[in-house]
Amino acid sequence: MSQIPVAVLGATGSVGQRFVSLLDAHPWFKVAALTGSDRSVGKPYAQACRWVLTDPMPEWAREMVIAPSSPEALEARIVFSALPSDEAKEVEPVFARAGMAVCSNASAYRREADVPLLLPEVNADHVGLVRQQRRERGWSGCILTNPNCTSTGLTVALKALQDAFGLKRAFVVSLQALSGAGYPGVPSLDIIDNVIPNIGGEEEKVEWEPRKMLGSLGAEGVALAEIRLSAHTNRVAVTDGHVVVASVELGVEVSPEEAAAAMAAYQAPPSARELPSSPRPVIRVRGEADRPQPRLDRMTGNGMTTVVGRVRPDPLLHLKFVTLSHNTIRGAAGGSIYNAELLVNEGLL
Amino acid sequence: MSQIPVAVLGATGSVGQRFVSLLDAHPWFKVAALTGSDRSVGKPYAQACRWVLTDPMPEWAREMVIAPSSPEALEARIVFSALPSDEAKEVEPVFARAGMAVCSNASAYRREADVPLLLPEVNADHVGLVRQQRRERGWSGCILTNPNCTSTGLTVALKALQDAFGLKRAFVVSLQALSGAGYPGVPSLDIIDNVIPNIGGEEEKVEWEPRKMLGSLGAEGVALAEIRLSAHTNRVAVTDGHVVVASVELGVEVSPEEAAAAMAAYQAPPSARELPSSPRPVIRVRGEADRPQPRLDRMTGNGMTTVVGRVRPDPLLHLKFVTLSHNTIRGAAGGSIYNAELLVNEGLL
Amino acid sequence: MSQIPVAVLGATGSVGQRFVSLLDAHPWFKVAALTGSDRSVGKPYAQACRWVLTDPMPEWAREMVIAPSSPEALEARIVFSALPSDEAKEVEPVFARAGMAVCSNASAYRREADVPLLLPEVNADHVGLVRQQRRERGWSGCILTNPNCTSTGLTVALKALQDAFGLKRAFVVSLQALSGAGYPGVPSLDIIDNVIPNIGGEEEKVEWEPRKMLGSLGAEGVALAEIRLSAHTNRVAVTDGHVVVASVELGVEVSPEEAAAAMAAYQAPPSARELPSSPRPVIRVRGEADRPQPRLDRMTGNGMTTVVGRVRPDPLLHLKFVTLSHNTIRGAAGGSIYNAELLVNEGLL
Amino acid sequence: MSQIPVAVLGATGSVGQRFVSLLDAHPWFKVAALTGSDRSVGKPYAQACRWVLTDPMPEWAREMVIAPSSPEALEARIVFSALPSDEAKEVEPVFARAGMAVCSNASAYRREADVPLLLPEVNADHVGLVRQQRRERGWSGCILTNPNCTSTGLTVALKALQDAFGLKRAFVVSLQALSGAGYPGVPSLDIIDNVIPNIGGEEEKVEWEPRKMLGSLGAEGVALAEIRLSAHTNRVAVTDGHVVVASVELGVEVSPEEAAAAMAAYQAPPSARELPSSPRPVIRVRGEADRPQPRLDRMTGNGMTTVVGRVRPDPLLHLKFVTLSHNTIRGAAGGSIYNAELLVNEGLL
């Protein structure tokens, strides 16, 4: 098929850069525009942006001139939003109203009842909410969101357990990478030889977002899953890759081996299984005593796979385990792109 | 009073070095001997030991000649043991039989029914177990132990809550410093830009040791506290200072403010309150949103104080909070010295 | 004597904080005022400032209300300036005109012919320039400056060699700490698992400043020393402590042992030898193969001593060696305070 | 052509692992054997080896059983040696005598007059030394070596300058990665928040090896280049990628622009230009003020390219610049493989 023109909103920041990198040579999408703040508008991307990824900036992006973040300024059918949440709140509906599909990494609309909060390998059917969204809001475009980067890997692992055994409660603690805070983000003096035992607003997201994604879509919208979560979130001196340790209570008691097998066997819903960004596999279960580790395992499945390890009994609930997910690929830009692919595949663009 | 001669067993390792540093200018104790492995015996300490602390090696230690770890080789009334656990198992009873009080940082005897597992600010009365120990084993000396470095700060915080409100369950996750693994310990390639989500044998210790220390001493010895714990332990790129995040279920429901106040007000038992190494305060409660942090807070109270922060409601149990404790001071060498001070103060030497 | 009232300009930044910390319990000086930007003025210091030092904020500073950086706003005889260079350029002369002695850490006036660029243990006599400065500028106060933090330790070591053997050329490469860039300073994503091989404007300073300090003061002012320097400056993942490696050509050929002995024996000029902040010793020469190291050696002499190691032959020039100096103590706040002490001691206040 | 069977000696270490990874899917070579220490012999590779690379272990390697390091134990025409130097000294000649070409990363034979010290993009013609070696030693196989990882990138850059302008002296300082010390290598406590200003034996190698590679091969063997070098070597907290800053005196004075252009235009000798591992380009010259950086630039040209930046005037010699080279790819395993490719291409196998 001919390629679909897309734009990246907020393309100069660290997540924006990841969009640019992942969209390089994408089989379906072609970047038609990059937007940035007033300070950047009119400059070539290579000049407006302090590139922080280890993969080099794609050549086609270097000379692309930064546009303002408004629908008139660009021709695209899909816009990927790497905007900060407050700006996203204002700007994303403008694009949706103008007929574009906004695949957003921002938190602004995640809690809206008619906005899908989407991990295609978990709740691909929730993409159907865009029909209701268009109807109710009178938009020809739409907004769909991906969850917080810490919710992401955790929810994938919980989904596999929920499907196989039911799921009641989870106690989760994150050890999060620096890239999750954007650029310049965390000052080096705050994190060398240190841990920061808090990330503003993160715990509320991690305690709520999985419930929407693990909930069921009915005529009334999504019914939140009856799961209770407690989260502690921490920043550690890691560039990329969020570790989340979890203790869970399931619907039935199972052995660690059964749980590990269920996670390893978990498959995305059929509509999300063969897309360009589909994680292969969805979950990689490792058997070593000390894995997953961010530096060694974050690029599993091109950074789209959720890696799980140390599945073992928990003395209070049923099971303990460790998850790892690449926070700026699966947990941000790669996730939004995967969402867009699902939207296209479902004929909802 | 005239100073009590003491020895440090395993003085060249990282915990041994911390003993040497903390015993410098101690008001009660005077180092009479340092022991080391066969490879070190006969060498001056400055030559046998690769010093890794930021405080300089005390001058008196530099020329002290390393002795073998046997009672005949040294004159001391107290020996501080920084031996590895398997060696401690063999060697410590030999010293106890020879009439010396062994204050051990090793795990070898922590679970013995007649051996105190001691944090003086928590369970000073357990020191009385040494009478039973001497009677039963026919030793003129004794062994007393301090807990694992991760159990330490956690147990101090739990004790304050237990006393004030009762304590039923705790879910705890550690972010542990590198010095806890000794020297050379963790290879740098394993931890730069990384997290290791496991520390061998640590979770079992953290799930059991607090129960002994929070238990009550009766005629039959220590009755383990009826508390259930679940622990995940992780290694992070921090030199010193273990962070433990905890969610707890108390005996009664209390507000975070009440819990914080109880922790801030907690006092050591009278016999442990005015010793040279007594933490001042026992617990420091910080009100900032992002504290305690290892780099900024580990030296609170000369590294003997447990620092607590972020006391807040937990959606599953009652409360969440963060603890920090210096793992080689309060959690190792400083703890053993504090134990020895208690022993002396109680007239049990 | 009664204490001299002093102020700290730009007290909320990282160097400003170091001033506050070092002035705590200073025997001669008492902090009468702390100034900050418009955003901070009127707030208590504890609230206006994100404290990044490991030593706790002094109690007396917590409630001190931030004043604006103007002479009318404060009563002080000495003001320590931790202002950014452009602001220092405007503000410092205002204070000097108002009769205060400005001891500045900023680079703005270092190159002025009548402004001392001062390391008391190196060129204490240059403080006499303030007489000329007052005469020419008609100020009742004065400005004196300390050099760039990378020039500092290097110049101390070079001075010892220059005095003993003469000095012709030096090739120097720095590995600089993060605190030299202030706070928030270097983003963590830029330095974890990385080196930044440039620090803007630093090389020019390191190639010029030592020549002024090693120059001789005559009737015409300071004649720059006839020394040629080449510098490469790099940022590494270290919190505090600048390492500079150097290769030098001396006036005469000497053995590494002679050079090391000359550095170890070097003494400050008499007027700078017994001040409260005098480094004790001025230079500590270490004999180990792998020292000095920032983490282990930066606090030598309370952070005021220059540490030198690895003195050995150089195949191109005469000698190679390594220097280490604490960049925010000797190289910044501590240096300015030492300068102020010299000024007082010389009766020039 | 059919693939040439090769073996990796010392395959379980960090350089050995890099060989295994780089030989995966190599167009000319097929791994027939992996050797290890007595402790590993007989075990499957996946079990014998603690894999520390971020690329996953190739599937074919997992079940390969570790052989002892002796020629009888394996069938191969080329053996890649990742042995420690003392073991290499004993073992490599045994393989050469047995008819195999030993491409060694060890330092044991680098200084032998009849052993090529080889960077194909620099001195491809030196491979001809193997004829003399075979003749003199009566070997049917041969030994060829690649230089120390710190010499590597530096020598490539110096070669481009030598060819274009002549080269007289160089002053060089390294900031070296941890992987250069192998695994477990540098303890984390030695390098977090620290720099180690020495690497045993490294400076001698860096001051000598470039002279052999930049020398000319005549009837009498290699005449060392008339270049004088001074080196300081340092370890920093970087996983991979050695930075070397250099100041050089050329044969003629040139502008930084001319020098940068010469380096960017430099081409490998024709015989080394189109091999599977040939760096493309040989040198990448970057124009930014703060590049190259290890984390961002080490994988340039799949880790085989030498990256140069900050070419600028030097106040003492002619020019200053910064080089970066991936120490375990171009500077170790990748270099040995490139050497083997040259040997095959020259018909010398």
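Note that the chains are named A, B, C and D in the order they appear, and that numbering of residues resets to 1 at the start of each chain.
Following the convention adopted for this analysis, a residue touches a chain if its C-beta (ideal position, glycine included) is under 8 Å from a C-beta of that chain, and two chains touch if they have at least 3 such contacts.
Everything numeric in this text was worked out from a predicted model, so none of it was measured.
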Tally the contacting C-beta pairs at the A-C interface and at the B-C interface, and name the larger one. A-C
Distance from chain C to chain A - Cα centre to Cα centre, in angstrom: 47
Which integer distance in Å separates the CA centroid of chain B from that of chain C? 40
Could you pull out the residues of chain B that touch at least 2 other chains? 52, 192-193, 237-239, 295-296
Taking touching chains as linked, do they make an open path (line), a single closed cycle (ring), a hub with spokes (star), an all-linked set (complete), or other? complete
So in the complex, the part of chain C that touches chain B is made up of which residues? 51-54, 56, 192-193, 239, 295-296, 299-300
Within the complex, which stretch of chain C touches chain A? 14, 52, 178-179, 183-193, 237-239
Complex contact set, residues of chain A against chain B: 169, 171, 173, 175, 192-198, 200, 207, 228-230, 232, 234, 236-239, 243, 245, 247, 289-296, 309-310, 314-317, 320, 322
